[in-house]
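Same chain, two partners: chain A is paired with chain B first, then with chain C.
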Partner chain A sequence: MTRKNVSRIGAWRSAGVRAGMVAPAVLIYAALLVVPVGYAFYYSFTDYNGFPNRVPEFIGLDNYRTMFESHDITGTMVVTAIVAAVGAVAVNLAALGLALLLQKTNRFNTFGRVVMFYPHVLSALVVGFLWQAILGPQGVINTLLEKAGTSSLPFLSDPDGALWSMILVIVWSLFGVQLVLYLAGLQAVPQDLIEAARIDGAGRWGTFRAVTWPSLASTVTVAVITSCISLLKTYDVVVSLTGGGPAGSTKTLAYSILAVSFPQRKIGVASAQAVLLIVAAAIMAITVLVLRRRAENDAESIG
Partner chain B sequence: MKSTHRGRRSRSAAVVTVVSMTLLAACSSGGNAGGGGDGEIRMMVNLTDNLNQAYWEKLVKPFEDKTGLKVKIEGPSGKSVAESFPQQLAAGTAPDVIQSIFPDDDTAPELLDLSGEKWAAGTPMFDDYAMGNAHYAVGVGEQAQSLVYYNKTAFKKAGISEPPAAWDEFTADLGKLKKAGYTAMQTAGQYQTGLQLQQLDHPTLNIAHPKWQTAVKDKKLSVGDAYEPMFRKYADWIKAGYVAKSDVGLDPSQADGNFIAGKVGFYPNGSWFTSTVDKAGNLPFEVGVFSPPTDSAGSHPGPQGATMADPYMVLKGAKHEDDAKELVRYLVTDATAIATQLEADGVFRQGSTAKHSAVGTQVQSILDDAPSLVAVGEGMGNTRLPVTGFNPKFTEVAQSLYTGATPEQAAKSIDQWVDENR
Partner chain C sequence: MSRTRGSAATVRVVFVGLASLAMLTPLYILVVNAFKSQREILANPFAIDFSTATFRYLADAWNNPDFSILKGYGITLALVVCVNVLAIMVCAPAAYVLARTPDLVARLLLFFFIAGMFIPTQTVLVPVIFVLRALGLMGTLTGLILFMTATTIPFTLFVFFGYIRMLPRSLDEAAAIDGAGKYYTLWRIILPLMRPILATVFILNSLSVWNDFASPQMILGPGSGIYTVTTGVYAAVGQYSTDYSKVFPTLLLAVIPILVIFVVMQRHIMSGLAAGAVKG
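Right after this comes the complex of A and B.
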């Protein structure tokens, strides 16, 4: 056997080992994520009730047409867009602000970080029930207001009030993860650059704008994308806090898929809604990435 | 050069991350089965505080002892039997016997037709739940859907001598109760808003439009036209402050609590609320129950909205189909089994002499005096609306009355939804 043949056999063996190690992960990924998503795409073009005695009937774009012509579903799209946009801004502002306050390591800040992360540990359903007990018409706040002789506030009984209350609760329950991301990002900001900026006479705001913020760019991208995706999928809090009400004013797209379309066995429409959610998440994520890339290119060209 | 590679790599990594997260964001949708181990019948039931695992096991124990068969009690794998059964059907893991839900067009082909069974024919509401000529569900009794619970002490303080029989009397009583310092009528948010409005309207609506669901299906009536009179009454009560606008954000369990605490005059609810009242023990006031008013006192009591209580269905082609059928026969015909179920959770049966609490006795007499039992909400058996998902949508529309919609707008809104989903 020549040396060339031996090395070729070695290369094949090595490739085989590598493929063998990767294959289980690829198979699990495909089975758990790619196949279900593929099915969702397929069902979105069919009329199907999800039962084995019924064969999905291909109906082209009818489910998408139904979805965009339904006042109910388009309403949930608007609510979802508001929750995702306002929620993402609020989550990231709150998380970044608190990360800046808690970035120095001392006992108080360590305690503060645990307290701030705590809401994320709670189940979203529990969060909803908890805030219902606080914001409801007979909740803690309104009971105190009544005892103080003032009129109660319609946190959950007015359509606008319920929507903003729900966004507040979601922000409260989500920002713990973003806080950890920003804290990690802040640890990676080069101290020498901060010191150099201070020596050059930059104040706190100037240092943040010129050094900290640009250094956090990749963290901000990840934090914004992950928070937006979480917000696009808002479901549990809707169930436990408002039940989609009053008068359907807090129904999100995910709620509509899981609490309306699936129970009505409209698998085709539910799948079309899920596909829309995937597309919305992809557009949002790619937009954030493109904007960040453009900003980086602009910065490089100026530099 | 190095930085370009790094940029490309980080871009690729970012794209992979985005695609992965996008896929993670996706929501995906999930042959008949039945049968556990040898000779084991699987029965899926809704487990509650009252009807827990121990209750169900005790209920089927005499059957197991008599037949030597084993019954495996299973709770729903999801939120409820209604949610879990279709999922298990699709997955091929459906149980032999299904309790607490009713057949529909999608599930009927998967269920055993019990039409030929002599023992099934005499069970409560058997024909009411027929689909075409087929009978898939048998039950133990009836749940009365149209009841108004009231506080007798509040009545006395407000100067009301007896429960109202007509709507104008009801509205006058609401005013008296409010004046006496009570919450005139307690309503609640979530599913309960639409439910209560329908509960109050069943008798009146079914006098004006018998089998109104069929009339809607045949396009002889619109849901908006059917419900607009009750929307008007509700809008007037909200405007007058008899119903609090903030109730629309109230958890139904808090509404129950308000009534139990003695703060409320009228509380529309179903017969299942009887068990909540009984469990509350000695209350500082006496609870009364009456059938909702009708347009004129002469036609009171009107038809009573009702659903089959403790319904059972058998999976067609189940591994132990015959054994499963025998189990269901036992559950709906054996005197001890019936008595156990009637006493367990506010379940009633027309003509039954089962022992009830003081409140339960009133409910039993309302059920016995009802001129007829009528379909509620989306309907039952052959009396059905041409849409699914009616109750949640109706609740949304009922809630819009609390948030400023006019009765006309509410009626138009429900009609628009029916047209979109017909």
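Right after this comes the complex of A and C.
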């Protein structure tokens, strides 16, 4: 009886201690990330200008209607989708390709890896300003072209040119991370399987398709998710490289939230846009995770 | 056979060499033009004439009356330190408890935290402003530190969880028999064993805090008069973006500390990154 009581007190105390150890993390995370997500959902159904003396007024789905009817905002969705899709493909192709070329460890390859990775440690804002100075209408390249007597190239002054230039800059600054992921993944590819494939007479491409690619399944998933999510929230580069222009051609959803809707005090619309972005990120993450499970099952069948 | 292999290797070296050149050219342009006048930059942005190269423009950028870059370094460094310390202090105990409690509540809590990894930070910045305003922390460094910590918690907790789960439970049991409490066990026995993962988390969180622009821009705002390196660069370069004798030196000063740290610690940074991400 007494022994049981003692152990119960012990269990109580340890549950209290445990709750106390988890609480600070839960508190900060909930207050500043979960509650704001809740607020984003709540404000997205209201008309609110953000002034403390005003109360958000419930207006149902009006903000969503406004959002999908505004060409300006649907344009930002298209731009975001293009940046995320084209960017993710380009980032992952470049990263995987270079990882295959740089996978042996020697001095030259180590140098190559560092060079491919370094833009990632620079802030995206600085990267944007730097490329603006290089590609801009009065930038380094166009000054040289004018001097050579040829007409300047509209890298940032033409709507299509600006979008592709921006994607190029983002890929340049981003793919180093994915390169490192693929390099780590390649180290885990079983060497005996590769040798076995060689002995069976498989060429480089055959070996890659039958052995390397399936073994990389989980790496590919991680690399694709991380690149997609960082591309979906493209904001800093837009601010410094193009300012969203020309004619809104490089305005992403995140830029539209923070630099257009919020300064115009349209908190409801900004929140509806935020909800859309959260949903897009969630769908992407879930899709890729489901695909990953399938690909991993395939990989297990060869392992 | 050996001849085709030789030529394939040559192609590989040439290709990687060209790609490296393409990657380094912007950095070269940044460094070279930080020492030149506007006229010289426009005359030939790729060359540097050492007889006319000068530190004058770097000094001007350093002494910019609108934005003290030294203060920017100081504030950003303080942010990096505070966010790291706070994130480790709250995540280590939480991850320890979750890793050692195999019940449903713990599973759900872990999922609750991991879900945060997929929330794009920019989407919560607008509502966060209202939360911080209600707490009286809007426009303050404390508010910014707390928000940045919140955004690092999902990743930090997740990798800590994965690491602690691999540490043998017998360690805890031995400590418990010796009469050590949970906190003592965590800080004196578990945490020292977590050194590799602590380094990884420290590097990744530091990079994201140092380079963050949207959070300080929205939470501190221009009214607070507090500038990090990124918001300061934005304030200094934004309106002068065709005065290249101002743009290049300011940008160079903004990236030099992080580039030096990267070059010195590149192996740790790159392997830490791989370790952190592949665990997921």
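The criterion applied here is as follows: the second predicted complex is superposed on the first by the 267 of 303 C-alpha atoms of A that agree within 3 Å, B and C clash if a C-alpha of one lies under 4 Å from a C-alpha of the other, contacts with A are read in each partner's own complex, and residues count from 1 in each chain.
Note that contacts are C-beta pairs under 8 Å (C-beta built on N, C-alpha and C of every residue); 3 or more make two chains touch, one makes a residue touch a chain.
Everything quoted here is computed from the prediction, not taken from an experiment.
Trainee: Kindly say whether there is room for both chain B and chain C on chain A in the superposition, answering fit or clash.
Mentor: On the superposed model, which is not a single observed complex, chain B and chain C clash.
Trainee: Using the superposition on chain A described above, determine whether A:43 touches chain B (first), chain C (second), both, or neither.
Mentor: both
Trainee: Touch test for A:186: chain B only (first), chain C only (second), both, or neither?
Mentor: neither
Trainee: Looking at the overlay, does A:267 come into contact with chain B only (first), chain C only (second), both, or neither?
Mentor: In the superposition, A:267 contacts both chain B and chain C.
Trainee: Could you tell me if A:71 is touching chain B, chain C, both of them or neither one (first, second, both, neither)?
Mentor: first
Trainee: Quick one: is A:224 in contact with chain B, with chain C, with both, or with neither? Answer first, second, both or neither.
Mentor: After superposing on A, A:224 lies clear of both chain B and chain C.
Trainee: Determine, under the contact definition given at the top, whether A:111 touches first (chain B), second (chain C), both, or neither.
Mentor: second
Trainee: Between chain B and chain C, which makes contact with more of the residues in chain A?
Mentor: Residues of chain A touched, chain B against chain C: more for C.
Trainee: Looking at A:138, would you say it contacts chain B, chain C, both, or neither? Reply first, second, both or neither.
Mentor: both
Trainee: Once the structures are superposed on A, label A:52 by its partner contacts, choosing first (chain B), second (chain C), both or neither.
Mentor: Both partners, chain B and chain C.
Trainee: Which holds for A:211: it touches chain B only (first), chain C only (second), both, or neither?
Mentor: Neither chain B nor chain C is touched by A:211.
Trainee: After superposing on chain A, check 115-123, 151-159, 205-213 or 259-267 and name the one in chain C that bumps into chain B.
Mentor: So the stretch of chain C colliding with chain B after superposition is 115-123.
Trainee: Across the two complexes, find the residues of chain A that touch chain B and also touch chain C.
Mentor: The overlap between the chain B and chain C interfaces on chain A comprises residues 33-34, 36-37, 39-40, 43, 50, 52, 132, 136, 138, 222, 226, 229, 232-233, 254, 257-258, 262, 267, 270-271, 274, 277-278, 281-282, 285.
Trainee: Can you list the residues on chain B that touch chain A in the complex?
Mentor: 11, 14-15, 17-32, 82-83, 86, 89-90, 92, 106-107, 109-110, 189-191, 193, 244-251, 254, 258, 388-389, 392-393, 395-397, 399-400, 402-403, 405, 416-417, 420
Trainee: How about chain C: which of its residues touch chain A in the complex?
Mentor: So the residues of chain C in touch with chain A come to 12-13, 15-16, 19-20, 23-24, 26-27, 29-30, 33, 41-42, 45-46, 86, 89-91, 93-94, 96-98, 101, 109, 112-113, 116, 118-128, 130-133, 135, 146-147, 149-151, 153-154, 157, 181-183, 186, 207, 210-214, 217-218, 229-230, 233-234, 237, 241-242, 244, 247-248, 251, 254-255, 258-259, 261-263, 266, 269-270, 273-275, 277-278, 280.
Trainee: Under the touch definition given earlier, write down the residues of chain A that touch chain B in their complex.
Mentor: 33-34, 36-37, 39-40, 43, 49-54, 69-72, 132, 136-138, 152, 154-159, 162, 221-222, 225-226, 229, 232-233, 242-249, 254, 257-260, 262-265, 267, 270-271, 274, 277-278, 281-282, 285-286, 289, 293
Trainee: Taking the complex as given, what residues does chain A use to touch chain C?
Mentor: Residues 14, 17-18, 21-22, 24-26, 28-29, 31-37, 39-40, 43, 50, 52, 98, 101-102, 108-109, 111-126, 129-134, 136, 138, 140, 143-144, 172, 177, 180-181, 183-185, 218-219, 222, 226, 229, 232-233, 235-236, 239-240, 254, 257-258, 262, 267, 270-271, 274-275, 277-278, 281-282, 285 of chain A touch chain C in their complex.
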